[in-house]
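First comes the structure, then the notes that go with it.
Each chain carries a letter (A, B, C, D, E and F) given by its place in the written order, and its residues are counted from 1.
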Amino acid sequence: MSRPSNRQPDELRSINITRGYTRYAEGSVLIEFGNTRILCNATIENRVPPFLRNSKRGWITAEYGLLPRSTSERTMREASRGKQTGRTLEIQRLIGRSLRTAVNMKMLGERTITVDCDVIQADGGTRTAAITGGYVAVVDAVNRMLKDEMITEDPMLCAIASVSVGIYKGIVITDLDYAEDSQADTDMNIVMDNSGRFIEIQGTAEKAPFSKEQVDTMLSQAGTACQKLLEYQRQALEQPHNT
Amino acid sequence: MSRPSNRQPDELRSINITRGYTRYAEGSVLIEFGNTRILCNATIENRVPPFLRNSKRGWITAEYGLLPRSTSERTMREASRGKQTGRTLEIQRLIGRSLRTAVNMKMLGERTITVDCDVIQADGGTRTAAITGGYVAVVDAVNRMLKDEMITEDPMLCAIASVSVGIYKGIVITDLDYAEDSQADTDMNIVMDNSGRFIEIQGTAEKAPFSKEQVDTMLSQAGTACQKLLEYQRQALEQPHNT
Amino acid sequence: MSRPSNRQPDELRSINITRGYTRYAEGSVLIEFGNTRILCNATIENRVPPFLRNSKRGWITAEYGLLPRSTSERTMREASRGKQTGRTLEIQRLIGRSLRTAVNMKMLGERTITVDCDVIQADGGTRTAAITGGYVAVVDAVNRMLKDEMITEDPMLCAIASVSVGIYKGIVITDLDYAEDSQADTDMNIVMDNSGRFIEIQGTAEKAPFSKEQVDTMLSQAGTACQKLLEYQRQALEQPHNT
Amino acid sequence: MSRPSNRQPDELRSINITRGYTRYAEGSVLIEFGNTRILCNATIENRVPPFLRNSKRGWITAEYGLLPRSTSERTMREASRGKQTGRTLEIQRLIGRSLRTAVNMKMLGERTITVDCDVIQADGGTRTAAITGGYVAVVDAVNRMLKDEMITEDPMLCAIASVSVGIYKGIVITDLDYAEDSQADTDMNIVMDNSGRFIEIQGTAEKAPFSKEQVDTMLSQAGTACQKLLEYQRQALEQPHNT
Amino acid sequence: MSRPSNRQPDELRSINITRGYTRYAEGSVLIEFGNTRILCNATIENRVPPFLRNSKRGWITAEYGLLPRSTSERTMREASRGKQTGRTLEIQRLIGRSLRTAVNMKMLGERTITVDCDVIQADGGTRTAAITGGYVAVVDAVNRMLKDEMITEDPMLCAIASVSVGIYKGIVITDLDYAEDSQADTDMNIVMDNSGRFIEIQGTAEKAPFSKEQVDTMLSQAGTACQKLLEYQRQALEQPHNT
Amino acid sequence: MSRPSNRQPDELRSINITRGYTRYAEGSVLIEFGNTRILCNATIENRVPPFLRNSKRGWITAEYGLLPRSTSERTMREASRGKQTGRTLEIQRLIGRSLRTAVNMKMLGERTITVDCDVIQADGGTRTAAITGGYVAVVDAVNRMLKDEMITEDPMLCAIASVSVGIYKGIVITDLDYAEDSQADTDMNIVMDNSGRFIEIQGTAEKAPFSKEQVDTMLSQAGTACQKLLEYQRQALEQPHNT
């Protein structure tokens, strides 16, 4: 069997993480998983949503959007359509929930970090790339807060990364691009931390139900890929950077 | 350890399935998982969404809503708020996707089955109850189509059911009610078919990441519960019913 | 002349009032006028709309909705449509206005009672059934407030009930079902109190203008029917009920 | 007793009807009931709403709006608010329904007459003035259709007019201005035809329930007032006018 | 060359300014540029938008709307459409920005003047007529504030007026009506103050780019026309008026 | 006088034009005016808006959006807000109108070119950069159409470019960055073609009215700058590019 992308079943695409991609955001990361390119900008604001007022806790939330021509056919602009699609809302809920797992909300104080994930080019796996890049943007924003003495202790609890796996012609493959995703029988998005535990598992039988054995292989292959992604994040964060 | 509900870890709540609950829908099922009560009404319409026109394929879609006072505190009516929340959209996408797995879309012809899942009373597990009850409503609607000779062959591919599992004080528990769900560390919703394979796995680390061993236990316990739910569905469908 | 329903001209449909239909609402009433079934849930909240802040007065408001398949053909869900229809807004204004007549707003204090009227099954006369059932839900909510010592005096000013009358083939008929309503020349909805006075009269010449004599007969027949409905309400409220 | 306006109980305000108020509308009428001033513009379009396509029937509909500063305090512009209020929708439904009673829809052919009622200045009774003026605008639009040979027979079935009556300090008064309306115990809007029959009766107990005797007096006094308004309409329509 | 309107190239249409056109607004002006008729109502409110709170500065804003049948073909009502068009938003931003130039915001105190410009009849040049009439309404509102001692010093900084110019068959013409505007190669809207300086220049090559010489002629001709409009405003403001 | 940016009064910022910035759009241009960075993607679609159906004419339209953190403080995402601001609508109307001037609509056939201008980083002058970059994206899209033989003749009528000029401390300066723009007395955006004629002039007295002499200097300085921008466009378009 060969994948449409000619990669090995467990091979990630070329991964690039560029910090400081724009000037204003407290954390600004361009992440590339092959042709998928997403700008993840983290913003710090000194306020929290109404349900957290006077709770002495912070919040992390995410917003996600496809630029209209990030896709092969133009996708209608949600701003002119007047509402976000269910897909967008579902993805931004997933990103925000995952990133909150990595940070101690009490140590943030009553502040919100908003992570805007805008897809410049979409070739499959945008939600997993957004989580992986969004984590780096959050670390940069948190470091800015430490440097500016908004907070005194590092609130990071763990590192997280995310990858998709799927079943294509009976074989489990890692990090599906769009061509692979659209032909896969099953698609699973996984978020893991740096101790190898799971934050999210979202598996869907797109064309055919899947067995427990396939779940085991998918989780195992995702685990290997997430460890590689966590290493890419570490390398990127070690680069000197003018926060 | 004892669960807040005093049930055994792998014990379902009392399950009731009432067919023909209202007069007009082609399939009308009230499903109860303990105090969770949902009305699942399936409607047959002779048209499909624009992307399927002239495709000779049918479609199944779902809509989900909480009655404002199905919840302990009143939830704002989405119709007066002017839009559906991300949670609602995410749930109705899950229900529709799951139900489509059970039916051969070509054999439906260019028809849509819309399954309205309206929550009369919410006590945890509404999405899993909606899928489990929605399946029965779809079967009744399909039988109506066969009886009315809109279609000549049975398009059902498999039976499906859904249950939640979670980790509460380190123990995996089945079919969480609201009190349990709000204290669980991890929450996982699972949809399975009658051959024991998976349609959807959606697991979230609400408070703490989870291990592969915990995944295995959760999937196993969910499998047992889904088989019981499939049996309840079969019994309900065996009752004489004036479709 | 015989009515489509074969009832006598002044005969109500079978009326059922079930209190405590759901667990969470302070007043929860299922009312049935024949095949019309509406769930009326009253919620108490310790706040008032902006225009009443610091007025020491309370407020009663109503919201109304058709479940999509309460009707013979599926009615589009207002939550996904993004707005409520004019018909819905008109009906919920009528219900709220009528219920406010029955309660002393000063004695409520700065609290709001919201009455959600969700139509499970629609067979004509939903607005009149909603008012009649909504009144019982308000009484249960008010009794809960008295029991919980939120208020010390009973704020109920009168009892109210509502019925439709119409002109069908020249004859005045009471409590029209959908088949009758769609063929009637004139349709009138009336809300009355327990002293036989009028709260609302809304009469519309659907097909033909109507005379003063016809108004007199309609008002008289509505008066008789409302007295019967008030008696059904009294009987329901006399049942022991675990408020 | 004297009314706040010092008028006799059954005295209308000064009524003015100006045809041809603007240039483009097929019927353009400024109607004044005292300080209430409404521009009623009737537009003819060669299409009908979807539910009437291929029915060979026409349609009449109305839209209603308050200019923001038609009122004593500025009313928020519905266009910038993004939706029409329940009050607006209720009023425009009433105007459209009333005007449809006056015209034979089959004789219109598949055409729509839209009557825009924009309130320049509001001093009570805007819905009754809009119906009374809207009727004249419809007649002018219909005459234009006859003159242009779009239709060959006059489709008018009757003339209609509308007035409010109410109970103020126990006395029935006619054509309430804003000061009177806000102090009245009961408010009733009535639409009648030129044979003295009723098209609409909408009576509301604003502050106190009302008796059958009061209904009789209100209907009688409204009947007298509507006959006067019908005479004003006739006189206005007799003026030469460059349709 | 002769213009479609047969006016001289630099000839304004007949200009009429009627103050006190409605009763409630603090400034209420009907302005007519030929067949273009706009009601400009200025409202004073004791609050400012959020970004000015506690700034000790006031604000002037404008809203603009076409009555549906102000135009030759009916324009859809923005209130029922659910949003304002880009054209409307652009025009109301221009009107508000221009009027703010004429008033000292600090001297207003924390108050807002809202100028509602509702077009009764549209025959080209509605934005320029709205600015010219809106200025008069603002002066009347400011005089009301002085008379009522809400402020003690006159905050008016200058007088402003606005006119359109354009290029029709190679000739620069002033104050285009709709027929002229739709055939012009270039359309330019200009706002000037009473010292002959520019507040706004908005020129668009509708059909053909334009040269610097044409710009010079357009600005010169607009200057002459604005001086005439400023004189009409002065004459109108000299009339006794019951502010 | 020295400008905040230390540039000469007539000095443009560093200009960069990168073609083929993303993979899918028929024209994809990243344009940089100093720190202002905008992605301009042109999409070809084989349909036109309703008002052009069966007209044998094409259409060019533009959409504009700020990424939330393109700005110094986070700007709310219009997609989650549910509508586009007046500023956005005004800018996209200007971009579309300008670009249409450069292309012969009949020669396009019934096709639409949509130019999405998404601001990655905003430092003043976004609308002028969007027009300048959008022109290059349109040329690439048109060349693709010629290469693919969708059209046989080049429909380009002229080249266009745009720049801002303004008055800062009495001096006319070119291509204002954000710091300069926020302190300028007057701001003018100009669109010109390659024969030195004007397509759009939009000048606003932000803080003080401006004189005819200042208009002359602004137009002259803008003319020089636009010629330089047109040269940058030509150089970019001469690069080999895999359309």
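Please note the rule applied: contacts are C-beta pairs under 8 Å (C-beta built on N, C-alpha and C of every residue); 3 or more make two chains touch, one makes a residue touch a chain.
Everything numeric in this text was worked out from a predicted model, so none of it was measured.
The chains in contact with chain D as well as with chain E do not exist; no chain meets both. Seen from the Cα centre of chain F, the chain whose own Cα centre is farthest off is C.
Repeated interface, listed pairs E-F, C-D or D-E, reference B-C: D-E, with more than half of the contact pairs matching by residue number. Averaged C-alpha coordinates put the centre of chain A at 51 Å from the centre of chain C. Averaged Cα coordinates give chain A a centre that lies 33 Å from the centre of chain F. Residue positions 82-83 of chain E each touch two or more of the other chains. Order of chains round the ring, counted from chain D and going first to chain E: D, E, F, A, B, C. Against chain A, the residues of chain F that register as touching in their complex are 22-25, 28, 35, 37, 39, 41, 43, 45, 63, 65, 67-72, 74, 77-84, 88, 114, 116, 118, 120-121.
In the complex of the two chains, the chain A residues touching chain B come out as 83, 86-87, 89-90, 92-93, 97, 101, 158, 188, 192-193, 195, 197-205, 209-212, 215, 219.
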